[in-house]
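Same chain, two partners: chain A is paired with chain B first, then with chain C.
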Partner chain A sequence: MCLAIPAKVVEIREGEQALVDLSGVRKEISLALVEGVAPGDFVIVHVGYALQKVDPDEAERTLALFAGLEATREAAA
Partner chain B sequence: MKYVDEYRDGALARTIAARIAAAVRPGRTYHFMEFCGGHTHAISRYGVTDLLPPSVVMVHGPGCPVCVLPVGRIDMAIELALREKVVLCTYADTVRVPASGGLSLMKAKARGADVRMVYSAADALRIAREEPGREVVFFAIGFETTTPPTALVLREARAAGLSNFSVFCNHVLTPSAIAHILESPEVRELGTVVIDGFVGPAHVSTVIGAQPYEYFAEEYRKPVVIAGFEPLDVMLAVEMLVRQVNEGRAEVENEFTRAVTREGNARAKDLVAEVFELRRSFEWRGLGLVPYSALRLKTEWSAFDAERRFAMADRRVPDPKACECGAILRGVKKPVDCKVFGTACTPETPIGSCMVSSEGACAAHYTYGRYRSAA
Partner chain C sequence: MAIDGELVVRLETDAGRVTHASARAERPRLAARLFTGRRAAEAPALAGALYAICARSQAAAAEAAVEAAQGEGEDAARRDARDARIAAETIHEHAWRLLVDWPRLAGRAPEVARLAQGRSRLAPRLAARPGAALDAARDETVAWAREALFGVSPREFLAVESLEALHRWLASAETPAAALARLVLAERAALGAGDVEYLPPAAPTWIARGLAPALDADPGFDDRPHWQGGARETGALARTAGHPLVAAAVGAWGRGVGARLVARLVETAAALEAFGGRHGAVDLGEGSAIAWAETARGLLVHRVGVEDGRIAGYRIVAPTEWNFHPDGAFARGVRGLAAADEAGAEAAVRWIVASLDPCVAVRFEAGHA
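Take a look at the complex of A and B:
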């Protein structure tokens, strides 16, 4: 039940709800636990609630770390 | 799929694997516990262990919410559904966990209990709104990730003046479980479980942040690396752990920076603090009574607390005899050490809780790893 993938916010709806795209499947979830989410953002969804926004810059940094370790220390600091 | 595919790249996985292989010191072994069931699942599903050098051993931890729910609490829920005739709403995996007397919530349903599987806490609240003539109880389970949604619906229920909705709270806390494992005789005295570091949970950490782990790093001198839920995340975290061990460091590092900050989600944490308080102790399957390891509703919220509303009595029931879930959840045994693994106990006919959810060590191993380790 903890398994989840990042979902893309497609549309913000009334009552802190949002329509998200989970790899092709559209679903309505709640944004009540997060702040400042806009269409196009990715969020981590769990049991129908967004828990956090995905930070695109940090995501890039982690991808860079996969290829080479040089930056690890820096990212960890 | 963005933020998924690039974290599952096989070629990159081998690159990281090669770096790990180059980093491990000859003659020493590295035991890392992945606390979270989501990681157990990813490790089994993507064969992460096969990519790691033999000297790096992954130990499964107790971070599967369905697995750690003790028999007694499920018995209590079943009794509530049968005796009080409430509508009992719960997350899907919970209904298949074996309880006493050969029952489970699913089997109780066949006997007339009104058990409903919900995807989210909001669904349970909706049922209460739609059926004002029925008592609706949300059987809430899970770690710090499912707790904020439960708090939210409680707040909504109170604001709407719903008098037919309550929560049977079984929310548990990750840091207390880690502390309990580190304090256990197997780790401290007997040395039967060796843990050189932890892969910290992904989802839980999005909520609580990296900060709560700093205590373990300092107090117990154990490195913690918080990792995302994709296979490359886990591998990079293992690499970071190996380097910490080699350099004699015990720090909290964060591999999952794209979703985890040091502070976590303040809004979610505030909500939880508003509604819940610590229980003195709570029974975990496999770990027994763990002090201050679970939450209950604060007194101001007692009208919505199913345990008080229906005068439910606490119950402790031992696990089925053949089942090794307890030892597996403590990292002492592996699924294949259980005599009934894959024979009498399968995901279709689970005997213990670890075979129920796909995050359970037995179910993950059965589905993805059984043949590999037999070969």
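Take a look at the complex of A and C:
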């Protein structure tokens, strides 16, 4: 049950690669499995590949949900 | 523990012999925390948005669960569309393993472009809505599977029913999947074979009268599921064990890496031929229901309680917890494993892990006896 945490595309690079921001962590991923990705788009990443694009509103909602969970976890810790 | 969970594999070796191996799936129980108190109708979209690689199966199980809990009758068009999405997701996941992950593990170039082509062929089915053409792009998908996986049609591959016929197929098929299979079956066919029994096939009676009471009686079931007192294997091998080729593979190599590879090929071919019967739900009365989906990795169960239209309780049991149970298929398959050295032992363990296809990231911790 790998979580679908949306990552924001920061930069498109050569060779179907992209730099994404995943909750503050930047990493390079492959865009070989999705089409038409541009900087600013949100994608779901799995083992180094963008799996799909996500609607920005939906991405923000999901990120807020995960942020809420992190906050509860920290409060409980 | 990371919020999205991980599988921590701890390996102790002594001169290449695995003296101790354990796997611990560490992940928070999100469903109960996120779903409880929400309107029941919100659960499917949430489940679909939360989980990355099994989104369609999670959404389908959640839809079926909340419908049953609210006493809604089964709608054939909705049921068929969900089955089509789950089947497409299963093909997609198996293809990812066969074309990208396992070639990489074998030191070969991953076939990313072939996988991307398959994804685009499967796209209409991955998104199938009730009433849509559920076998959309069927010919194109079968043509892709022929080129990338089987070399023959899925139906012809399903007629490969003995090891002799398999060896003929291996010798003649010129596809990336056949090249991978040649390599794995030559070098690692019997690797990781254990004696863990299969989980029974998901049928409404067993789910409602067997699994639901077992789950309800044990608060720890989500993390360490069990059936009749023991761990069980779930997934492609358990589901296709009745196919003559899979039975022959198990007979020759045991329930390990080779048999699981063959089972995935058989299941992929079968899912290209027919998509029905992959999920269901049972109304257990008074707002309580259980739903299941046979996903790429194995049985996925959603257990829900609804009160006044809101979620009062929600539990999810995922296939990874069955297969990586402390006494499950991974643990028993690794036991006693011997390799030339530590690196060889770790490589072997990675193949056993991959053959069971965990749905979370894997982290290795090495130790010495």
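Here is the rule we go by: the second predicted complex is superposed on the first by the 54 of 77 C-alpha atoms of A that agree within 3 Å, B and C clash if a C-alpha of one lies under 4 Å from a C-alpha of the other, contacts with A are read in each partner's own complex, and residues count from 1 in each chain.
The working rule: a contact is a pair of C-beta atoms (placed from the backbone, for glycine too) under 8 Å apart; a residue touches a chain by one contact, two chains touch by 3 or more.
All of these numbers come straight from a predicted model, not from anything done at the bench.
> By the touch definition at the top of the document, which applies to A:42: first (chain B), second (chain C), both, or neither?
first
> A:64 in the overlay: touching chain B, chain C, both, or neither? Say first, second, both or neither.
Neither: A:64 stays clear of chain B and chain C.
> Which of the two partners, first being chain B and second being chain C, lies in contact with A:51: first, second, both, or neither?
Once the two structures are laid over each other on A, A:51 reaches both partners.
> If you tally the residues of chain A touched by each partner, is the higher count for chain B or for chain C?
Counted on chain A, the partner with more touching residues turns out to be B.
> Name the contact category of A:8: first (chain B only), second (chain C only), both, or neither.
After superposition on chain A, A:8 lies in contact with chain B alone.
> Please work out whether A:32 is in contact with chain B alone, chain C alone, both, or neither, and reply first, second, both or neither.
both
> Under the contact definition given at the top, report the residues of chain A touching chain B in one complex and chain C in the other.
Looking at chain A, the two contact sets intersect at 1-5, 30, 32-33, 44, 46-47, 49, 51, 58, 61-62, 65-66, 69, 72.
> Which positions of chain B touch chain A when the two form their complex?
1-4, 6-7, 9, 12, 15-16, 19, 36-38, 41, 64-66, 91-93, 119-123, 142-143, 145-146, 148-149, 152, 203, 206-207, 228-229, 232-233, 236, 239-240, 243, 251, 253-260, 265, 267-268, 271, 357-359
> Spell out the residues on chain A that touch chain C in their complex, using ranges where they run on.
Interface residues on chain A, with respect to chain C: 1-5, 30, 32-33, 44-47, 49, 51, 58, 61-62, 65-66, 69-70, 72-73.
> What part of chain A is in contact with chain B in the complex they form?
Residue list for chain A touching chain B: 1-6, 8, 23, 30, 32-35, 42, 44, 46-49, 51-56, 58-59, 61-63, 65-67, 69, 72, 75-76.
> Considering only the defined contacts, which chain C positions touch chain A in the complex?
My answer: residues 3-5, 27-28, 30, 33-34, 46, 49-55, 58, 101, 112-113, 115-116, 119, 316, 318, 320, 359-361.
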